[in-house]
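Note that chain A is present in both complexes that follow, paired respectively with chain B and with chain C.
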Partner chain A sequence: MKTQLKINNPITKRLALYFLVMLATLYILTPFLWVVSVSFMNEREVTQMHWIPHQPTLQSYETYFHAHTKNLDIGTATARQFPRAIINSLVIASSVMVLNLFFGSLAAYALARINFAGKLALMLFYLCSRSVPGIAIMIPMYLLIRSYGLLDTHLAVILAHVTFTLPFTIWILKGYFQTVPLDLERAARVDGCSQIGALFRVFLPVTTPGMIAVGIFSFISSWGEFFFALLFTSTISSKPVTVVASDFAQELQVDFTIIAAGGVLVVLLPIILAFIFQRFIIHGISGAVTG
Partner chain B sequence: MAGVVLKHLTKTFGDVTAIDDLTLEIADREFLTLLGPSGCGKTTTLNIVAGLETPTNGQVFFDTENVTNVPPERRDIAMVFQTYALYPHMKVYDNIAFGLRMRHLPKNEIEHRVQDGAKAMEIEHLLERKPRQLSGGQRQRVALARAIVRNPCVFLLDEPLSNLDAKLRVTMRTELKRLHAELEKTFIYVTHDQEESLIMSDRIAIINEGKLQQLGTPEEIYNQPTNMFIAGFVGSPPMNFFQGKLNNKNETWQIEGANFVCELTPEIADRLSSNTPNEVSLGIRPEDIEVSPTNKPTAHAKVVVREPLGSDLFLTLDLSSITFKARTRSNVGFNRGDSIPIYFNPTKLHLFHPTTGKTLLQST
Partner chain C sequence: MVKPDEGKLFKKSLTTKERSELVFAYLINMPTILLILLLIGYPIGVSLWTSLHRYNLRRPGQFEFVGLGNYLDILTSYDFWHSIGVSLYFTGLSVPLIILVALGIALLFNQEFFGRGIVRSMLLIPWAIPGVVNGLMWVGLLGKYGVFDKIMRDCVNLANRLTGLEIDYLGMASPIIALNAAIAAHVWQNVPFACIIFLAAFQAIPSEQYRAAKVDGANAWNRFFHITLPWLLHPIMIVAILGTMNGFRTFDLIFTLTGGGPGDATYVIAWQTYKEAFGRLNFGSANAYSYLIMLITMSLAIIYIRLLYNRGTVQG
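Entry: the complex of A and B
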């Protein structure tokens, strides 16, 4: 008796979908999982090409936090800079997040709620600015930053990151804000709030999921950005972790386990944040899309 | 004291005129309903009274004070919205207390008022819940409590019952009437439900396409509509209309339509305006059409549809391809296709101009 596979069966369709999603997930995650695995290996095990470390060790991670006491001469200079680089990244990404939330929410509120001349042109301007590649404006931006004496400062990188994250923040928040019923602010006005009061006491608290979503997005975008960070920083006083991690390429000899540990440290915080706030990210983005 | 006066209000949105030269006086402690179809401008009018919209032209007065340019937070009003507009991030207690906190009332005064308001709306057991944990009816009560505790001069209610199921709507209508009687404040109520307006209002202002059509008591609106729009809008089922010729035979005025003739009573004939045309639109409500009358029938019509509704029976009838409705008792045994005698009660006839739609009868 032949057993026919019913293509139109919902269960079959679902299984096929799950299979494809798993394949895509494996394709994306496999390199990263390999890096995590290597970060817990010693140097000898790396060349043996097995997934699970037989003798797992935290030695590579220790290199970053006790580098000045270790007598290592492979990748030491770069590893020594990592703690400071993480702090730089935290300062930059946090500032970018705060600036995005503050200016982005005010701009999005105006675009969502207020009719003014040039509103459509402004929206299109924000949208089109996203399509300008960074490399096309890197020279004028460099000259501008230099003219203000901001090279090799956190502020230079913050300004650059805000430039390319803010339009996205405004666009997402505008869509999200439009899903909030107008009656809520009206009720707040009738209850005694001024327009600004209604914004801060009622509207923004209600839109917390969307705000968290764009906040996390802007943080992660800034944390992982490399190009402008490389362009505007030259010393460890301002270099973020993405630039410092790339300095391994300048070392004459490198220990792959140290590089792997560095890679894990770079992405650890964004992954944790995305995991913790995934519900808000999905809610915030879907609200913006359906709104 | 808080009568509300609207003087020559006009509101335009670009090319669209939402309110067109509306003048209206609402007495202190009156329950006035703004009634009209969707998009007629009644909610815009309410928003202007609340200060949430500014009029393009015209003025708003609370008693003698011109509040046209006064922002909503400084007007002595409370508003209940169609969507209730409860603050989702606050508990019920905080929702009710919010307006009082904005006005910097002392804490014990706030506590006292919130508890009183919750008791009045029977929601004391819900004070620690969030709005998402409440049913539609409970949210409605919280919205009302939030308005009551403010103790304003004017209550504004924007279709507060429209999101409730039919049974709850009937209960809440009674509740609102009781509230109005107890609080003795001015209520301005917006609805598209004509039944609701007839039951609840002291007076009704009917609005269509931004213009005031008629202002009167429910009885005046129902029994003496000033135009065909009002006659057809108020009443369920709506008024039936027939085209006919007005003529005078043997000193008796009568209307001659397709396959029917009905005489006007002397009382109605006396009310005819001097410039009444020969062609008229005759209006008669379903309940004023007698089925199987004892009097000489006005016409014979064919039963098209039977709609039993408890103690009533609504018949859709056909008279020379004109379809209309009659209301009768449910124990009448007519079936679809039957030709039945009908009688137009001559004391309940309405006459309208066939072109302008305005009533041809001067008011009593």
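Entry: the complex of A and C
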């Protein structure tokens, strides 16, 4: 009975809540913050196991951006490929985003607004294709890409990413398009808009939040995708940053300060995007996944 | 994928408007359909065909029909059952952990407190980190000077002192530690996604139900079990299914965190398939592996789609 009273005391309850929230936040943040912290340390300080760098240094980041440094440590060769790899990733992820928005909104419009024979079958087709594991079709895909001479090109990775992100994009956009009042579209049609015109002039402006969610999603998933990028790229002319970063796993004895800085460089852009567009992302995830 | 009632719809003749809409609908879906057929549909067919042949890139001339031979070889091999075992352990442990941790955090973050918005948006950090980088991060965290390595060492030392045992902590060189570390990393990365889904599900629970329960004198536990949990069943199912599918596909994390090692301790099924194909260049049997993975994930996918379907989401 006494413990019951204690728990029901509002102040104790409050304190317990804040304590638990702090624990949960620490769990979510500690791994990443430690890596960020290490990326500003020199190798000696890592061995002293400080939480916060006592003499913060940009030394590890310099390995990535000053190709002329005389630093010949192991891992430097990989680090020097980063600027180019980041550009490759930007090219791939932006193309994936644009293609998703374009083809995705077309397909989603048909599914949201037109009643046509085979619509249900088409939706199931999209849903199923989203569930096919990439690893299960890697060999024929590899041979296909090779036979078209697309190995080691941006296009190969873009095609693979678009194919695997489109069904999800369509799924989210369909949901957003269905919220647009039918009257709005009818009014546009009366005013002489064609069906495709209605899509571009009425739907897209009204469903901007959905478009943003979908755009950011496809960008972030393409940026972080590894498997197809690994399969289809072999030189720095097309390797995205995830593939270059994975080289650190193959090299033994690379200073962890350098790996940490590389990790931060890879995740910087997705995390910034996620923060800026968090409202859209959270709404998108919760709407699309549970239906 | 022909729908059964398709014929019925065609029998009653379509009006011109309906016909033009039908053409329009398929026309604007065409790029997506073609892309999926070419890059997913066609490979699925080829994969099946190749899996029935002996085909090794080291002997490119040889392409000999062996029927179910590759499948028989795999199903009687140690490698397959070992990797299935590792994947089952990996998925079987990580999915319940993801659900429990995410549910706990979501319950907490659903309360009113100062800084709730900021704390909630922190969830997006692990979500936005690519699997490859997550693996590298945990290499450091569990490495020689990593924080988690230190914590683990301290725990083992304490246990040794308390029980008088002399356990040597081997870190990532120990198979058990390596596999469980991979699970910890996987769980950490996947909790936020589940959390976001659960938090959204809480929003859908009508607050009158809680008020009524409070009036009836139900305590917090009763309210959780009789109101919150039933409303959460559907989202939990979805997280479980998607989590299982992701678990069986895990590749990036293993690639950078353990490379399958030590020995073959972290050879999950996706890693085993990859090694079979691009290590041994044994395309025939790698395709048989692929098909077995496909069977596992697709049967889960069907359950998932049925769930959505029963909710009426698929009808649109």
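Here, the second predicted complex is superposed on the first by the 252 of 291 C-alpha atoms of A that agree within 3 Å, B and C clash if a C-alpha of one lies under 4 Å from a C-alpha of the other, contacts with A are read in each partner's own complex, and residues count from 1 in each chain.
In this text, contacts are C-beta pairs under 8 Å (C-beta built on N, C-alpha and C of every residue); 3 or more make two chains touch, one makes a residue touch a chain.
Since the model is a prediction, treat every value here as computed from it, not as a measurement.
Participant: Please determine, from the superposition on chain A, whether chain B and chain C clash or fit.
Facilitator: Fit - chain B and chain C, as placed by superposing on chain A, sit side by side.
Participant: Please indicate which partner A:202 is in contact with in the superposed arrangement: first for chain B, second for chain C, both, or neither.
Facilitator: first
Participant: Check whether A:224 is in contact with chain B, with chain C, with both or with neither, and answer first, second, both or neither.
Facilitator: The second partner, chain C, only.
Participant: A:184 contacts which: chain B (first), chain C (second), both, neither?
Facilitator: It touches chain B, and chain C stays clear.
Participant: Thinking of the overlay built on chain A, is A:109 touched by chain B (first), by chain C (second), by both, or by neither?
Facilitator: Touch status of A:109: second partner only.
Participant: In the overlaid three-chain picture, which partner chain does A:98 touch, first (chain B) or second (chain C), both, or neither?
Facilitator: Neither partner.
Participant: Just to be sure I read the superposition right, which of the two partners does A:90 touch: chain B = first, chain C = second, or both, or neither?
Facilitator: Once the two structures are laid over each other on A, A:90 reaches no partner at all.
Participant: Using the touch definition from the top, say if A:193 reaches chain B (first), chain C (second), both or neither.
Facilitator: It touches chain B, and chain C stays clear.
Participant: What angle, rounded to a multiple of 10°, is defined by the Cα centres of chain B, chain A and chain C, with the middle one as vertex?
Facilitator: Result: 90 degrees at the vertex chain A.
Participant: State whether A:36 touches chain B only (first), chain C only (second), both chains, or neither.
Facilitator: neither
Participant: Using the touch criterion from the header, give the chain among chain B and chain C with more contacted residues in chain A.
Facilitator: On the superposition, C touches more of the residues of chain A.
Participant: Using only C-alpha atoms, work out how near chain B sits to chain C after the chain A superposition, in angstrom.
Facilitator: 7
Participant: Going by the contact rule at the top, pick out the chain A residues touching chain C in the complex.
Facilitator: Where chain A meets chain C, its residues are 17-18, 20-21, 24-25, 27-32, 34-35, 38, 46-47, 49, 51, 103-104, 106-107, 109-112, 114-129, 131-141, 143-144, 159-160, 162-163, 166-167, 170, 174, 178, 195-196, 220, 223-227, 230, 242, 245-246, 248-250, 256, 259-260, 262-263, 266-267, 270-271, 273-275, 278, 281-282, 285-287, 289-291.
Participant: Which positions of chain C touch chain A when the two form their complex?
Facilitator: My answer: residues 1-3, 6, 9-10, 21-22, 24-26, 28-29, 31-33, 35-36, 38-44, 46-47, 50, 101, 104-105, 108-109, 111, 113, 119, 121-133, 135-141, 143, 145-147, 150, 188, 191-193, 196-197, 199-201, 234-235, 238, 242, 245, 248-249, 251-252, 255-257, 259, 270, 273-274, 277, 283, 286-287, 290-291, 293-294, 297-298, 300-301, 304-305, 308, 311, 313-316.
Participant: Per the contact definition, I'd like the list of chain A residues that touch chain B in the complex.
Facilitator: Result: residues 181, 183-184, 186-194, 197, 202, 205-206, 208 of chain A touch chain B.
Participant: Which of the residues in chain B end up touching chain A in this complex?
Facilitator: Contacts found on chain B: 47, 50-52, 71-73, 77-79, 81-83, 85-89, 98-99, 102-103, 146, 150.
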